[in-house]
Every structure is written in C-alpha cells, then in structure tokens.
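Next come two complexes, and both contain chain A; in the first it sits with chain B, in the second with chain C.
Showing the complex of A and B:
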C-alpha cells in the first residue's frame, strides 16, 4: 500500500463520540419494558444446593421472577453428558457448586435496585463438601491438558541445562490477575416471538457470541443478532460467552420482556475469568561465554474443576532463543475456582516473565551484558518449527531501545547507582506473540456522493479498529478518511473473527484491503480502464447512472504460515527508581520497541502500546487477586483493595515501531501489537529492580514489602 | 441495600434526639464509607439522619488554635491556607488518603469514624468479631497482610484506615462532641480505642453523640514535618505503614519538640511516645533517628502475612524523620 497516504497522526474516528458521552455502550440501550436481572452468588466453595428459599425475594415489591436450579427449565443446547457442553453454562443447569461466587439464582425485577435488594433476600442451604483452592498444596496434582496441543515438548536432550558450565534454575510465581476493564460486563437480551433474539452485550466477537446463543437456545444463527458497537475495555474477558449472558436471554424469554444483567465490580472477580495463578520453573544452562546449551521450562497453572483452561506459557522458551536442547512441560491444576480466561498476552506474558527473568539471572552469573547474552543466542530461524521467520527485527529492537533508554548508563554492578535518595536500575525484557491471520469478510459500498461505507462483524475493544480500517481504505481507494464510515460490532455484518490474539488488523484489514481492491476493479471495468491509476468514483457512477456499487470480499488465512514462522517481537526497556528504606518502586521510564510489521495507524498503535505497558506495570507492581483458602474466597475482590495502577504510578512510556512490512503474512504487511505491548514488560521491570537493588523478586507483584 | 428511612434535620439538637432515640439510626455525612458498607451488607441502617444541613462546616482560628467543623470536607481542610501554613502535617496526611473525588465528599467527623478496611469485616460471609461480636476473627489466622502489629487482641487485629487521624493524633487534637448529656471534649488519644474484648467499638463516643468539631492547639510544628505513607500503589490505597513526623528544631538542629504517630499498625492512630521521649533534647542525626525508630518498635508483634511491617515500620519512621529534618 501507498505509505504516503497513511495518516500517521489521525485521531480515532470515534474519539469525539467517546469523550462526549455519545458513544452508546451495550448497557445503555433503554429498550421499552426493560427488566433488570441480578445474579445471586453461592457463598460456599463446593457442595450441593439442597434448597433455595425465594419467598422473601418474591414478596419484594417490583420483583418479577426468581430463577434457580429448582425451576430452571433447561436449554436445548445444553447437554450435560455431551463431550463438549455449551461453554458459559455453569449456571442453573444443576445443583452442584464448583466455586465460591458461582451464580445460583437470578432475580428479575422492575429496577436494578429492587433486584439487588431482593437478591440479598434469597437464602440457599447447601450440603457442603471439602474443597481445594490452595495451589501450592495441590500443585503435584497437575495434569497434562486434554488434546495433543499441550503435550510435553522435547528438542535434543531433556534437562540438558543441568550439565552446562553455568546454570540458572529458579521458580517464578504469577498470581491470579483480573482483567478489570472500566466497563462492567453487561448483557441486554430481547426476544421477538419464540425464535428471534437480539442481544446487546460486551463482546470481543459478535459472531462467536451469536453462535453460542444460537446453540444454547436451539435457534438459527441468523435469528440471533448480537450488537457490541462500543466496548469499554475487555483484555480477553469478553472472548467467550459467560453465564450471565445466557441468563439474561433465558430470563427475557421467561418473563417476555427485555432483560438486562449487569455484573457488579465484585462479581467481575468471579464470573468473567482472569490470568491464572501460575508457578514456573526455568532451567538455563550456558557455556562460560554465554551460549545457551539447554532451556527447560515447566509451568503449573490453575484451572477450574468444571472446565479446563489452557494457555501458552511455556511456548516462548522453545523459539525465542537458539538452543539445541529444549524441553517444556505444561500442566494445569484443577481447583474449586472460577474458570480463568485469556488475559492480554495470555500465557506468553506469564511465560516471558519467567524466561526473561531467568535470562537476566544468567547474565549476572556470566557477568555478561543482558543484551549481549540475547544477541549471542539470537535465533536466526525458528528453532521450534525449523522454519525461517516471515520477518524478525528483534536485533533492531535491542539497538533502538538501548539507545533510547540510555543503556550505556546502566551499571553492571547491582545496587551501585543512585539519583537523590533513590536507587537506580535498568532492565530489559522481551516478548513474542504469534502473528495470526484468520478468515474475514468485509462489505464495501461506494455511493454516488463519493462516500464509502464498509461493514465487518469485527469488534473494537479499544485499539481503534475503525480508525485503522478507515486508514487502510482511505489509502487504497484514494478517498479522504472523512468520507469513509467503517461499521463493526454487529453480527449481521459480514463475518469477522473474534478480536483477540492481536489479529484484527491482519485478518479484517486484509478483508478490507481485498474489498477495496475488488471494488476498484469493478469501477475500472465500468469504463474498461485500468484499476492501477486514480479513479473518479463519483463521475463513474454518474456516467453509468448507478446509485452505488457494492461487493463483499472474503479473505483467508495466509498460505505462507506453513512455510514461515510468523511472530511479532518486542523488547521492553525499563528504568526504575527503588527507595532503599521504603521499598517503593517507581518505573520512571519504559521504552517499548516493537517489530510488528507495518504500522497502519501510528497514533492509535502508540496508544495501544502505552495501554499494554500500563497493564504490564500493574502485572509487575500492583495486581494480585488474593484467596483465603480457608474459605475459598477472594479477600480483595473489589476496586479499593485490588490495585490496578493509577495515573500516579505511571511516568514516562514511549513506544517505538520498527515499522517494516512482513512480506508473507498478508497484503498489508502487518503483524499485531495488542499482546506484545505487555509481554516482556514485567521482566524488564523486575530485572531493572535487581539492577537497582541486588534483590531478585521472583513472585509478582513486587509490592514494597518484598524489597525491604 | 436494605430499604431505610431518610431524614434531614437542620439543627443539631434535633439530629442528636433522633439518633439517641432509635437504635438503628446512623448519621450520614459525606457517605463515602457508610454507603459502601450499606452496599456490601456490612451495616443495614433503619434510618439515615443526614447531617449535611447542620451548621458544622466552618474552619475558624480560635484563641491561637484552629477549630475545624465536623462537616468541613477533607479537601476544604487540606487546602485551607491556615492549615497549609500552620498545620502542614495535617494537610499532607489528608492528601495522602483516598482520591480527590472522595476527599471532596468525605468530612472531618466522618473520617474520624471510618471503619476498618479489614477484608473479613467487609465480607458478611466471613467471621468477624467487629461486625458480628462472637463470630470469630477471620484475619488472625487468615490473610492478615494489612493488619495490626501493635495493640491487637485475640478478638481483633484490624487497623484504623485513616490518614487524617494519624496527623490529628500527632498534633494532639481534641474532638468536640455533642450528645443527649450535653457537650464534651475527647482528646485524640482517648477517641479511638484498642479492640480488647469489644472490637465492635471503634471509639469512645457514647450513644447519640455527634462530633461537632475538631480543635487543634496553637501551631508549633509548622516547618519540619512529613507524612510518609507506604502503600501498594502511589495513590488510592490504604497504608501498609504510615508515619506522621513533626520536629520543632532550634538554630543548632537541636530537637526542642517532636511528635511521631503511625497509621496502618494498630486499631487506633499509634503515637510513638517512647521514641519522642528519646529524641527530645537530642540533635538531628541519622543515628538518633534510627535509635528512635528501634525504640518505637518495642512491643510490636507480627502475624503470618504482616511480618514485613516489623521491618517496614522502623524504616518508615527513619525516613519520615529524615525528610522532616531535611537530611538527604
């Protein structure tokens, strides 16, 4: 594409709507007759519900219905015995309780307040059973996940690191971390007749949500319309359909009114997933001059007893560095907890913290600069798949980042530098995430006035999808961005994949690319001219008395994925201050240098990088959902006691893009940045903290108590 | 939230009358704590007596000291020019708490009555002797990272969460109250209490009593003061440990007077009397401060998750004194 037309500084196409309150989020549709549903959580951790007393709740003025396992009529799509029951249905289908906070009833009332009050009057009695939520106690019960994807990996010799001249062997702990998007999870469901459902919900994928509702209620997909035009952050928590969404639709059908179910902030800690508690062991062995001889990475990760959740925490150790010997093991530990969900940089962020920390430890053991150690083991090809990279500019990332952060000011001796009363340290942490491209469709329509409308059933959970697509279309069509409308977040639009895995620009952008190129052909064909040069769409439509031209294009995943390994890469550099007496850490500077192929929209991409870095600062310094294993409940499941970073925690963050196109993944040359913006941040900070203090913190988050 | 009655009296005696008469009546001021507790099901008032229309808002210089009306908001106090100039420690402590939005609503009287942030107190499904006397203490062998190292009992190891109160304790403030039996003064020292056998009682207010003002003695500590708050994030987090340090220094760095109090360590703002005694008459040196910090820790006791406070607290005292004395 023509780089000169890319609007590097274009602001978000929906920015004005968002900052003026005109953007309408899923919970804001005031449907006539709307009723409000409030979920009642279980207060035990494991057992069976023997009875639920709803009398007081039902007597409350304004209460319409109380749904419990004792009056739940079932759903056609839920087959408890089937190998794969409909996901998201740990709901009223049986009387068993598998985690504390599991919904056991839904109160539907005329107002949210009435439903909330009535929900507090619902009394359940239980047959309680012993439960297990203590990860440490149950770690040895970890199992290899079902299916072949997570089987043990071996290249060369297992545990070869142990025989190397220089060895690092350590364990690293990632506590459970909550997504906590600003916007609460919410669903409004409304039926027309028995088989037509409209849903407004917080979703990263309106098409997959449509499929789930269609399966659950046994109705045709085209009879389910899912809307999610604006999403106030999701970070992976809306990649799937959750029980409250199904509950809203079930209730709406039952009471024959639209029903809205909004989770409370406290319910956001138990009902919409989280980054799972994970303990990882890394073994690294190297020659005295820093050549890696063996990498071993073992990961034990928490999951639920009623559903298995998996992620790729060990995968980066197989390909990020060149080592002849590598083995990985990944196990999940089923506990009586809610099921986790992918959280930004899922698995890879956890894995990179361990690998990049261990590599830093190795650099000190070797007395070698951490960047030099990485260069010494630079993987010129993918050692896991033994394929060339489709593109890799990680070396350039090291160089640019080192220059920008002032790496030459780093002292190799920990605890030796001060600025005022603060200790100073520098650290690096790297990341990689698969560059994916999936099947996607886009419909384009060019009107007689020259305006362009493009539709695709993708989402925008914050990165600025509409902005990027508008820029792509503007560039390819030669039409100013102001004349282009890109519509998303509606399942009635042409199919697009769920917004996840940093793949939206690659997948949907390719469909938009193809649609633009195809419609150019169509216009050119009107006059038998070439589609190469500029086209006057208005004149062509007028000349041929056409009101518009439109078409839908389908773009497939890349054939070249078989021949090349496709990843985005990042190198994060941190400069920290650590107070020697109070243990307080300030991340004074973060520089993220990213090889994510061609960058379509620099302004929103930089914003996305900064957001990922803030998420990384939360992961490394402040965020931890703490369980009391005696009760199986979180003790800090609220916004006051669970600490997402605040503005005052954030100092200077810079994003630098290599901005070189990948030749193989897609016609745009883009790879993806959503995940790598976070993957590697945690280790860059803990490594900088070590450089500042000589203290190696292997258990996140690094709260002040761990440094004094 | 349970339905409740709401009334908004305009004179103080009327408010006190209602509150004194009805067991389930609560005063409502800024609501920043009470409304949360109602939403969580921790308290369920029958009646809310909204006192925001009572004439208790003023901040006045009285006889060399300062009288702060109970309804003066935290922001009004922290930003008051007289407070900034003469009681900077109070301003620093208030601004270390909560968020600007909360400080704009929270009042002086309400801040004194803030309930603990103990997780077990806040979760009605958990045992808590403070919430339900006799139900047990979930924290004592639970997750007690945020909990007390001084003055706790078998019944309760919760801490007072207020920053403002720590400064008021250091500054020897007096709480003015009005009740069915008339008006009286309570020294800050006696206002909050240790949990002992009755952790359900946070303070020594009698039934129906209303805080009308807080009085500060004539200013002494106007220059060498510091409020240090160590917390898990830079803003909007409760203290792991906080220290209010105030020094009155003579021309040769001699310590004429000193006040030290801590937050996040006890059921009440914790005054460090022995450390103050040690420092009085000595000169400003890091070593003296270090010794004072060690003296302050006598009698401290940690639990399974808050042992770190035994290291953090003396560090915090040392750092607060150093900053107050401008030693780098």
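Showing the complex of A and C:
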C-alpha cells in the first residue's frame, strides 16, 4: 500500500460546490407546483384553544389551505394514549397549548409572501391557564427522570467533601442557549399517491427521519424517501424530527402538491430545541496537598411539560478525576417551555463548566497550580466503571497546551498582570466525551475506469464527512482521492446512524474501512492473488470482463471493546484580556489540545476544533436566551439581540492533536472530536478571567456588567 | 381571552381586496365575451385569481450575473426571495431574513448589500452579482480558491455571503490588518466558527493582488 493518506491535509471534497453556491440545501429543490407553508404560533403559554378564526386568512389571495386542530384529520402514528407517542407530533393533535410559540396552525399558499401575510391574519381565542416558566421558582419541583440511567449515583460516601480539610462548594448557572445553525430549519414534502412520500429536510439522520415519517403516517419505511445532502449546520438541532416536518408532509398530502415549510429565525428559538437552563452545585473536598477526597455534583435542568429531555451534565464528575468518594444527582424541572435538544457538547459541556470552575476555585484555595491539581488527581483508569481506558493522553494534553500558551507566564496571584491597560489572565478547562461507535453499513463499487463510488446513509452537518471518508478509502484502496466519490444524506443508501455524539468517523468510517478491505479481497480473489499488495482494479476488471465489482459491508463494535472505557479528552487553555474599566473580555488566545485517537483529516479536524472553540466562546461570553416570565416568551429571538460570536470576537485559536490511535475502539483508531472541541472551553475562559481580575463569575454568559 | 390582541380583527382581510376584485371582475367580463363554457372553466381553475395576481405584480428589469431578466414581482418580495424562489439562484442564502446574519450578501452595482433587506422592486435597472456569477466559467475567483485552500467554512451555508462580502472588502480597501478584516467581516455570521480561516483566506488574496 502507498504511504498513508489518512491524516493528510486535503481540502474538502465538496469545497467547490460550497464556494460557488452550487451546494443544494434542503429548502432549495424547486419541485413543480411547490406551495409554501407558514406556521402560526400560539400567543399564550398554557391553556386550550377554544377557536381559531381563519376566515381572513382564507380570503387572502393565493391561500390554498389553513390547517388547524379544528380541521386536522389525525395521523395513524398519533395515539394520544400511547406510552411513547411518535415524537414530533405535538401539532394540531389536540387543542392544548404547552408553550408560547407552539404552532397552532399552518397556512399553505402559492408564495412565501402570501403565506406569511395570511398567517398574520389567523386569530385564535384561548382558555388561558396559569403557567410556570420561572426556573428559580420551580427548582424544588425537579424530578428524577424516568429510567435507571439518571438515578442518583454514589461511590464511597455521599457528600464526603464536607469533611475534607479544604472545601469548595458553589453553584453555577448555564442559561438556555440556542443552536442557531445558519440554515433555517426547512422541509419540502411531496407525495406520490397516498403512500409514497419524498422529503427534503434538514436532518442529521436520514434513517431516523425516515422511521419517524413512516410511523407518523403509517406507511412502510421504504416508501419514505428522505434527502438531506447538504445541511447548513445543526449542532444537535436536527437530531430528531420536529413538528414542522410532519406538518409539511401532512399539508402536502392534503393539498396534493409539494409543500415547503421554512421556520423563521424567531421560530428557531422555540421549535427546534436548545441547551437547557441548568443550575449545578459542585462540592469538592481535598487534603491540604490537593488530593481529592470527595466530589459531589448536583444538576437541575429545564425540560418541557409535554416531553422529557435529559442529558449527561453530572457524569464527568464521576470519572474525570480520581476520588474515592463521589455522588451525583440529576433532576429535570418541567416548565411550560418548548422541549430542549442536545446542543454541541451537550450536557457534558454544561457539566464541565461547573466541575472545571470548581476545580479552579479549589486550586486557589489550596494555593496550588491548576495543572498540578489535575495531575495530582489524574485518573489512571475509569473510577466510575472500574475499567481501563482504551487510551488516554490527557497528561500529554496538559503538557503540550501549557507549553503552547506560555503557562509559565501565568501569575498565581489574580489581578496582578497587565498588558497595556488590559488585565491579563490564563486559565485551563478540560473535557471528556464518550467515544462511541454505532452499527453502520457502506456500499462500495469500483468501476471499469478505476473510479470508486461509496454510499452510506450518513449526514454531513459541516465537519467534512465526505472528505474524511474519501481519505480513508483513498488510503486503503490506493486510489487517488479525485477518483473517489462518497455519497450521503439519502435514506435509500445503506443504513448509517444519525450524525451526533462525535461518532460518525468511528461508525461510518469503520464501515468504509471494512468495505474497502472486503472489496480488496474480492479483487484479489479474481486472480487468486494476495490482497496485501497493490491491486490494479482496472486491469483485473478488464481481464475478467467485468463492468464493476461492488459489495455492501456492515460494521460494528467488537466484544473486546466492552472491556475498556472509551473517551476522547481535551484540555483547553485560554489567555484573556479584561478591560478593568469597561469589563470587556477578549479571548486573545485559545489553545485546544485533543486526545481524539488518530486524526483522519487534519485540515477539516482543525477547523472543527476551532469551530467548537468559537461555540465555547459564545457560550461563555455572549449567548443567553432571555426569558420573560411574565409572558412566558423569549425576548431576544433574533441575531441582533441574541449574540453569537462574530468575526471580531475571535482572536487566535490553535488546535493541537495528540494523534495517537486508540487500539480498541475501531479499525481506524479514531475517537471523535465534535463535542470535546467545545467541552471545557467555557471554564478555561472563566478561569482565565478570574486569574486576570480576581472576580469569579459563576453565571454564564460573562457579560461586561458582571465584571465591573 | 388572551392578554394579547387575539380578538378577531374587526375589518380583517387584505386591503387591496377592492382593487383586486376589480381586476378579477374585469378579467371575467372579458372572458364572457368568449363563451359561457370558458367562464366556467376560468372559475374552476381560479384563472380570475391568477389574472388578478399578475395585474398586481410589478415589472422589474435587472441584470443578474450579466444576464438580463424581466420579471414581475409582488411589491413585498425581497431581492433575496426573487433570486431564490423565482430565478432559481439559491446560492444566496436566507439565514435570518432580517439583515442580521449576512448569508444573503450580494453585490448591487458593485456594492455589498443584504439582499433580504432590499425589496426586489427597488432594484429596477440595477446590476446584481451573486455567488453564482463570481467565477469566470470554470475558473474560480481567487477568493473562492482561497476559501477552499484555507478551509474558510464547514457547513457552507454562510459561505456565499462571506465570499461576496470578502470580495467587496478588497474593493473597499478594508484589508489593512487582520483586525480590520475581522471588523468589517463582522456582518457575516459563521456559526461553524470558521472566522480565523476566513481572515487568512482574505489576507492571502490581498497579498496575491498587491
């Protein structure tokens, strides 16, 4: 085989399509007879719709239909009494309102403008009821989620930290944060007859979307064709099927035309999930020389009343550091709000902000370097599962990051360093995220001209799935990348899991790996030669008068993998400037050092790391969906009032990869980087801010008012 | 009753109704001149509606990527929706429809504008360039090449707007330093966080040109 191409710095395979505007996203398919659907939001927070006046809307020129709970014919998949109703159907099914902005009607018209105008004319009357959206007021009503996964955890003695010589006990607040991908969520649905549906929709998982539509409409999965070739970002917001997607398909069947439903940016704040408002309490106890005696982590997180959302915010405290005593508690607080969804890094990002902040506080209480404190409590094996790590190079991450950021320039005394008029501070924040591998299939076909086509029903929300898969195939087959096409985002392709949880290269990459190895065997067998050396596919096909060879390979985790605890690890180092008069914070440098196993595609992986850091900077400095509890609504549902980082907010960000393969997870040795690129960033910045100013901010985001 | 204005509107319905009805009646009257069958068919197919719809639209002539277009648009149609929904030029993206994200950035007479904030009718006689018109045939614009080389994007949804802004930035002479580039590119949001690579791409093109 040629020199390994895996790890190369190839430019994106779909780069040309993206820079020329030719990449087609889900809302950009012009189907004949396309009609436009616009959702009408509820204007109350809790109650019952008593009537909806659609007369004015229906009189509007170009309006085709107005769908409301009063004329909704129902769907086979919706059974109100079912223990687990099909998700995504909280629309038109009943007349109850569970959150402000809940869609109560869909206007279908000849143009977007006509539908938008008509939607503004729909008037509902309600029987209003008292609602609860104030988290602080309702925190004590938190409940332990269903199922064993979230029950209280105890190792050793509960709350052992309280008895330790040095104690930190603090609360940390993460406000609701919105995914806000640049592409608006959109679905085009089109029917052929009564039982064949085609959808173009913003989805991180075309197979799971296919399943949901199939269940909702009571049609066979193979009769649902889901396309999602290009996805304009998602960060978790497209992990599931949402009501507007079902609504588009319902409307299309009703009006017998393709229907496109696009959410507005404001609707993206209420209808497609968010990182939930969470308050966490951390208790840490240590000996005077920094050995952790006890860790306690409690988390209270917002969820909806009509659906339960859970995430792993407390889990990191169980295994990231070696402590004999550890207990965690996780509760959700149901409020009259839309249901959250996993947002990049999900609960682990929220959890690590609390744990890594508390650890920093402990380091100052101990007068100990924060890196030394982490090394003192380094977990050589997983204390939660009592298993060896499949691989862990976090120690190397500390070393490399400290060297790169210039940790030796950090003053242990807060507020003691200045550059010009700016206070200077350094901070560290770490993260870990489970290295997952799901079952995936890939189909490979090598043609007579030597070109290679690979298909798998995975997605690409931006990290560069096609680029990574092309590199893997190019390396294993010995075929130049330019002769390989990798196709995704189509539910008719061989099954692949949803793109989420940093697992795509591990799952789908392994399927591509296995498919490449299997087809090499198949080619070698033609001439009874060995598959070890180089293979001339063109000559072999010609010699045996074959137009092509193809096969589909299934790939999944081995039994042996269960003997190990598998995580990606990251250490983020921040250098901040804080302006003492105005409280302005600039993250001058952010160094992210990552143990994510082998890196397949260096160029796109570096971009993914940098992107996660930018997301983390938004989380820590600017992003907060502000709720008005008087009306039960967000007051900043747009990009002017909800601040995501812009170009001028970002200074120098560096990504460093340990790049050592994990021997147990998969044949590639990769562990995943999507989440850990963000997990730990927030704490690295707040810890640096403390180092710069002596002010500990435990409530995100750190806006200037909190520093002056 | 809600505390909001959820009462049925007193006099609801589009304000243009009377004018519209006039158009509809007028078109139907002319149809009667043909035959009663034609009238019936006209009503069945909502032709009266379609004819009235056409009457209400405003003709606009504009050049897009060098090609002349004569179109009729609703007065409320934005330049962005004209490009995406009527002309099939979906390279310009809708990210907010409020002029807050820059994904829809195009050049109008050589100046970058948020096409979601520009009504189509106000672009009569103007020359519009979109991302589709930036390359010279198969040869990419240096900025497009640089974005690929420096990986100035991930999902690609903001990319058209970023590149159109970046090209305009060179012309505006606002590329003196990375800080200046960052400042004047801050109207284009990239949620994937490719900012530092975008700045490198712009610097690269600036250095090539100077």
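In this section, the second predicted complex is superposed on the first by the 702 of 708 C-alpha atoms of A that agree within 3 Å, B and C clash if a C-alpha of one lies under 4 Å from a C-alpha of the other, contacts with A are read in each partner's own complex, and residues count from 1 in each chain.
In this section, a contact is a pair of C-beta atoms (placed from the backbone, for glycine too) under 8 Å apart; a residue touches a chain by one contact, two chains touch by 3 or more.
Owing to the predicted nature of the structure, the values given are computational and were not obtained by experimental measurement.
When the two structures are aligned on the shared chain, A:184 is found in touch with chain C, with no touch to chain B. Contacts of A:421 after superposition on the shared chain: chain B is touched, whereas chain C is not.
By the touch criterion defined above, A:11 lies against chain C but remains apart from chain B after alignment on the C-alpha atoms of chain A. Counted by residues of chain A touched, the larger count belongs to C, out of chain B and chain C.
Contacts of A:128 after superposition on the shared chain: chain C is touched, whereas chain B is not. Legend: residue contacts after superposition of the two complexes on their common chain; A:153 is shown touching neither chain B nor chain C. In the superposed model, A:230 lies in contact with chain C only, and not with chain B. Looking at the shared chain after the overlay, A:622 reaches chain B, while chain C stays out of its contact range.
Contacts of A:648 after superposition: both chain B and chain C are touched. In the superposition on chain A, A:70 makes contact with neither chain B nor chain C. Looking at chain A, you'll find residues 43, 113, 117, 631, 638, 640, 645-649 touch chain B in one structure and chain C in the other.
Of all residues in chain A, only 11-12, 14-25, 28, 30, 43-44, 53, 55-56, 59-62, 110-114, 117, 121, 123-126, 128, 180-184, 230-235, 262, 264-265, 461-464, 603-604, 606-608, 610-615, 631, 638-640, 644-650, 652-653 touch chain C in the complex they form. Of all residues in chain B, those touching chain A in their complex are 1-3, 41, 117, 119-120, 122-123, 125-126, 138, 141-143, 145, 228, 230-238, 240, 308-309, 311-312, 315-316, 318-319, 328. Interface residues of chain C facing chain A in the complex, by the touch rule stated above, are 1-4, 6-9, 12-14, 17, 20, 49, 52-53, 74, 76-77, 81, 84-85, 88-98, 100-101, 103, 130-132, 134-135, 140, 144, 147-149, 151, 153-160, 163, 179, 181-183, 185-199. On the side of chain A, the complex with chain B involves touching residues 43, 113, 116-117, 120, 420-421, 579, 581-584, 586, 621-622, 626, 628, 630-631, 633, 635-636, 638, 640-641, 643, 645-649, 701, 703-706, 708.
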